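Two complexes follow with chain A in common, the first pairing it with chain B and the second with chain C.
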Partner chain A sequence: MSLQIKPILLALRRHKAGTVLIALQIALTLAIVCNALFIIHQRVVNLSERSGVDEANVFVITNQWAVDRSTRAIDAQVQADLAALRQLSSVRDAASATGYPLQGGGWDNFVTMTPDQVKPTTDSAVYYGDEHLLDALGLRLVAGRNFRPDEVVAVGTQQAISPPVVIVSKALARRLFPDGSALGKSFYAMTPTPTTIVGIVDPLHRQGASQWDKAHAGQSLIWPARPDDARGIYYIVRAKSGQLAAAMSEAPKALYAQSRMRIISPTDGIQDYAQIRHHVFDSDRGMAILMGIISVVLLAITAAGIVGLTSFWVGQRRKQIGVRRALGATRHDILSYFLTENLLIGFAGVVVGALLAIVINLWMVTRFEMDRMSLAYVGVGVIALLLLGQGAVFAPALRASRVSPVEATRSV
Partner chain B sequence: MFAYYLELAIRSLKRSPGLTVLMVLAIGFGVAASMTTWSVFRAVSGDPIPWKSSKLFVPQIDSWGPNGRGADGEPPNAMDYNDAMNLMRDHRARLQSAMYQISPSVVPSDASKHPLNIGGHAVFSEFFPMLDVPFLYGSGWSAADDAHRAAVVVISSKLNQKLFGGADSVGRTVNVEGKDYRVVGVLNDWNPQPRYFDVVNSGGFSTGIEDIFLPFTRAIAVDMTNNGNTNCNAVPAESGFVGLQHSNCVWIAYMAELDDAAAVTAYRQYLDGYAREQQQSGRFNWPPNNRLRDVPAWLDSQHVVPSDTRVSLLVAIGLLLACLVNTAGLLLAKFLRRSGEIGVRRALGAPRQAIYAQFLIEAGMVGLAGGVLGLLLTGVGVASVSWVLPRDIAALARLDVPLLLLTLLVAVVSTTLAGLYPTFRASRVQPAWQLKSN
Partner chain C sequence: MLKMSHLSKVYRTEVVETYALRDFNIDVKEGEFVAVTGPSGSGKTTFLTIAGLLETFTGGEYHLDGIEVSNLNDNARSKIRNEKIGFIFQAFNLIPDLNVFDNIEVPLRYRGMKSAERKQRIMESLERVGLASRAKHYPAELSGGQQQRVAIARALAGSPRLLLADEPTGNLDTQMARGVLELLEEIHRDGATIVMVTHDPELAARAQRNVHIIDGQVVDLAEEPRFHAHAGAGVSQGQA
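Let's look at the complex of A and B:
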């Protein structure tokens, strides 16, 4: 086969334009598909981010108040609501919260190791919850203990608190105390007094999936507080295993039975985690699908283009093939001629394409805050395109190999 | 001659249906992908108030100092209560308004109905003329209403439909958070995208509708809490909504109308003077670091166009480019296969120009067919874009006549361009060669 390379190159010189166009198409396809695959992979990684929540059984009620009331009145209402929710036969546990993992509202605070530190050590999502929150979310406590009821304080609208104890996510504990000694240690989270770690959960996703959240992935803390926000709160409810649907229909009825002066949106006031996940990763899933469609279309068109152009070349060279066959070339020689020809063009294409793929990625890094692409994508893309080229050229090459030596004697 | 070439083109395309279908498919998919992503990009990058956007400015005041700035040295993108009220008091622009997002409950007079939760903004009276807000009934409130903290509201036509059955409700009352407000105006379908007057709280695009506007001064007086983002570089010393007003947390959006360059310069100087004043009084320990951007520059600085939208458009254009290269290759093959025919035509006296016309028309035909397929696929694409994009953005993508025309135009022009080189090669065919080898 190596002997054939020189005549192939000579023959290609007679089809310069066609050769360049195929190579260019392979290069463009490689560059686009590599970057698309990279985007798809990143988005799929996002889709599978762990929240730490028992997602099969947990749902969230967004509860707003219809009338303005004092913190004390709201606290009484919240306690009554929670008691009513916990009494439902389909409900395992319930808690009130200011936010929930993956999506819901909430906020984050800067974390410092000393009270007068200017540049913060890191950033942590802040959850408020009572001693039921861990069980209501289904979080896994990996060290230390849960809150005690006497540690939980009622917190009014935009009221600053500085609780002495805190439960942190393992990611935050590791970030603050890399040696693994977090339990019992203290830090400051925009608080005047230190807060001491009494428990560690793993994992606990932040309340969002934005770029900022990704930079501080999984860093969260829970303070022992029962939020009584006049603007509204979330009820996090965990159904007994397999009773999610029942709990989701009973819970709002139980709440309205407590008081009608509340607003639970009929469209998205009650969401289970499947819905929450669907909503949060909408754009990630969409981008992955879009890039997937574009990649498939592109590969199909490139393959079809190679088939078309090679078929044309085979048609054009029937006489020459006939002459070669008559002079003793075997069918296999003809087949390998076209396969080798395609491989040579493919090589030229993938070299340019690999460079182009890397340049595009580097440009996107500066322009769109994207990560650097691993060279593995380029490697996989190169192999895939070379195989695609060989596959596409196979049928026309096979047809070429069947050209009868008699063709040599026929005039065109 | 055109009709003749058209006939020739159709005949030639029919002769190799496989190749023709392949080219049409490639152009169709390439154009449709580009046009679908373009429809989304066009929607999100459009100017929400084109007749006035260069006169509307968003001031930013550096109330946090060097430690609160991002890596790019930008001051906070919203205002604290103190600065917003000082700017309103000084009233240096022709029209201006501080605003904050609210989400109050409205209790319908019909007791059998559940209370509604609605979204809106607390604004000053100049908000309505400044943004040319269209009214169906009535109008905005007056400056006197601002001063008297009047219990008045402007509601959306949608809320008006819900509460009053769509009738002219000016003068009637709405119960907001348990208190009665007099309706002074009903909006006429006003839902600008992006929500340029309060980008920080809407994130730019919003599926929600601004259902209610009431006087800023009134909302503060009745303790109506803000429902948008609140950013603090320190925890407020006092709690509650009043504590927030006394803190340097930022949560207020601000917009001012400045009609000419002189007014802009004057306002810039005013802002710097204000910051210097704050520096002298000891509130700021740093020199002025203000910003004053018009709406397009402001939207750009807040990255309102999602980068996903740009990336999708670029990748789709890449697809179109690859499809065009593909088509160019196939056209080249197709045209050169007919070298004999070209040789005969040239030998019989056809000038190169005629060959150009004939083959470009053929390329154009492929483009047109690809464009028609592209139209169908773009229709499918725009209709199913909500499947791959977030709701609030997908809802903006529209199929309209300009988009359809653009689809056809892009298909025909790009395919003709792709056909240029193959046609050039075809026109160079040597008649003598072809005749001899036959």
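Let's look at the complex of A and C:
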């Protein structure tokens, strides 16, 4: 193959327009497809992001109060509701919460190691929950213990609290105490009094899944508190294994039996985690599909361009191919001539395309706060484009190799 | 050198069989300069394409330089074309994208020859046709006569056993044609075997021997009064 490179380059120099156009098309396709693949991969990773929840069995009820009531009355109602839910034969456990992993309301607290520290060490998503929350979500306790009932306080969610104990996610524990000694240690979460880590769960995703949340996605803490927001509350319910549907059907009836002064939306008031995931990652899935379609279309257009141009060149050079065959070229020589020609154009295209891919990514990093793309994407893209080129050129090159040497004697 | 015995070439369609060559016999000895003549459609070009292994034949035998070629595969035929045959076409058939040097290099590259040897052979053959100074020119920058000289240089560079020329002066004016013909005669004097297809009686007369084809068969001119009337006395057959 190498023996043909010089004459091919010489011939290409005389067909600049077509050569440059195809090389540019390959370059642009590579640049866009690399970044599209990177975005697709990121979004697909999002789709499978671990929440820490026993998703097969957990569902969430969004419960709003129909009338204003005192905090004390709400707390009493919540306790009664939870007792009713836990009594259902299909339910394993239930807890009230201000938010739940991947979705739901919630907020962050800055975390510091000393009370007068100005610059926070990091920040953490904040959950409120009682001693049932871990079991209701199905969280895995990897160190320490759960809350004791006497540690749990009833508070309005807007109140600033500073309980003496806290359960943290492993990601937060590691961030605060990289040497792994977090259990029993204290930190400050926007309060003047310290809080001590009594348990570590792993994992526990924050309440959001947006790009903004990415850096601290796994950093969460749980305060031992029963939320009693006057507007509404989430009930996290974990069904017994295999009884999710039954539990989802029985739970609202049990709640309405306790009190009808509540609103549970018939459309999305009760959602299992499959629905939550579907809803949360809707845009990720949409973006991945869109990028996939764009990539496929671009690759198809590029392949078609290569097929078209090579077919045109083969038609144009029929006589020349016949002359080459007459002068001793084998079919394989002709086939390899066109494959090599495409490879050379492809190389030029992928070199430009690789640089362009990196530039586009850097622009998106600065413009849209995207992550830096691994060069592996460029590598995969380069190989894919070169293989695509060889695949696309094969049929016209094969046609060229079948041109008879007798063409050399035919007048044009 | 080139021997065809009872050779036939049939073009078949669904409804008709056309014999381009029928019971065709020819024997060209080493060092001969043979002109193959005949009217349009007589089978001259078919003979040339089969002789040059550009096309297969239907029946009979063909020995080229002692090799029976009828059963050779495509690769073997390519190799023989490359190593044993030099082609000179009416339309020159230079590759327009390549300069003179690179054009002559084409068959040598297919032979897998080393670069230094290629260069030496190219320059030698260019000097022989008097175009050493035009090595970097493109075909479009040369006259017709010069282009045909380049084509002859390309044919000679591979030191072929046989030169096949198809109307080598057909696209040239009289003066250029004379120059090319003189060059062919010179090459022949140096020992080359040349088979030239032409319909030009004057050109054929310069060859050592004439073979005349009519309706796909070699004919003896003495027994073919039609041809005498048509072609005049310039062509003869069977000269020593």
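Just so it is clear, the second predicted complex is superposed on the first by the 409 of 412 C-alpha atoms of A that agree within 3 Å, B and C clash if a C-alpha of one lies under 4 Å from a C-alpha of the other, contacts with A are read in each partner's own complex, and residues count from 1 in each chain.
As a working rule, contacts are C-beta pairs under 8 Å (C-beta built on N, C-alpha and C of every residue); 3 or more make two chains touch, one makes a residue touch a chain.
Quick caveat, the model's predicted, so the values are computed rather than measured.
With both structures placed on the common chain, the touch criterion links A:14 to chain C but leaves chain B unconnected. By the touch criterion defined above, A:331 reaches chain C but does not reach chain B. In the overlay built on the shared chain, the residue A:51 is in contact with neither chain B nor chain C.
Annotation for chain A, partner touching more residues between chain B and chain C: B.
Once the two complexes are laid over each other on the shared chain, residue contacts for A:305 go to chain B alone; chain C is not touched.
In the superposition on chain A, the residues of chain A touched by chain B in one structure and by chain C in the other are 412. Looking at the complex, you find that chain B touches chain A at residues 18-19, 22, 25-26, 29-30, 33, 67, 103, 105, 107, 114-117, 177-178, 223, 225, 227, 230, 232, 234-237, 239-241, 243-244, 306-308, 310-312, 315-316, 318-319, 321-323, 325-326, 328-330, 332-334, 337, 387-391, 421, 425, 437-438.
For chain A in complex with chain C, the touching residues are 3-4, 6-7, 10-11, 14-15, 319-320, 323-333, 404-406, 408-409, 411-412. Against chain A, in their complex, chain C makes its touches with residues 45, 48-49, 52-55, 74-75, 78-79, 81-83, 87, 89-91, 93, 95-99, 102, 105-107, 109-112, 154, 158, 166.
Listed in rising order, the residues of chain A touching chain B in the complex are 17-18, 21-22, 24-25, 28-29, 31-32, 35-36, 39, 64-68, 107, 109, 118-119, 156-160, 190-191, 230-231, 260-263, 265, 282-283, 285-287, 289-291, 293-294, 297-298, 301-302, 304-305, 308-309, 312-313, 315-316, 364, 368-369, 412.
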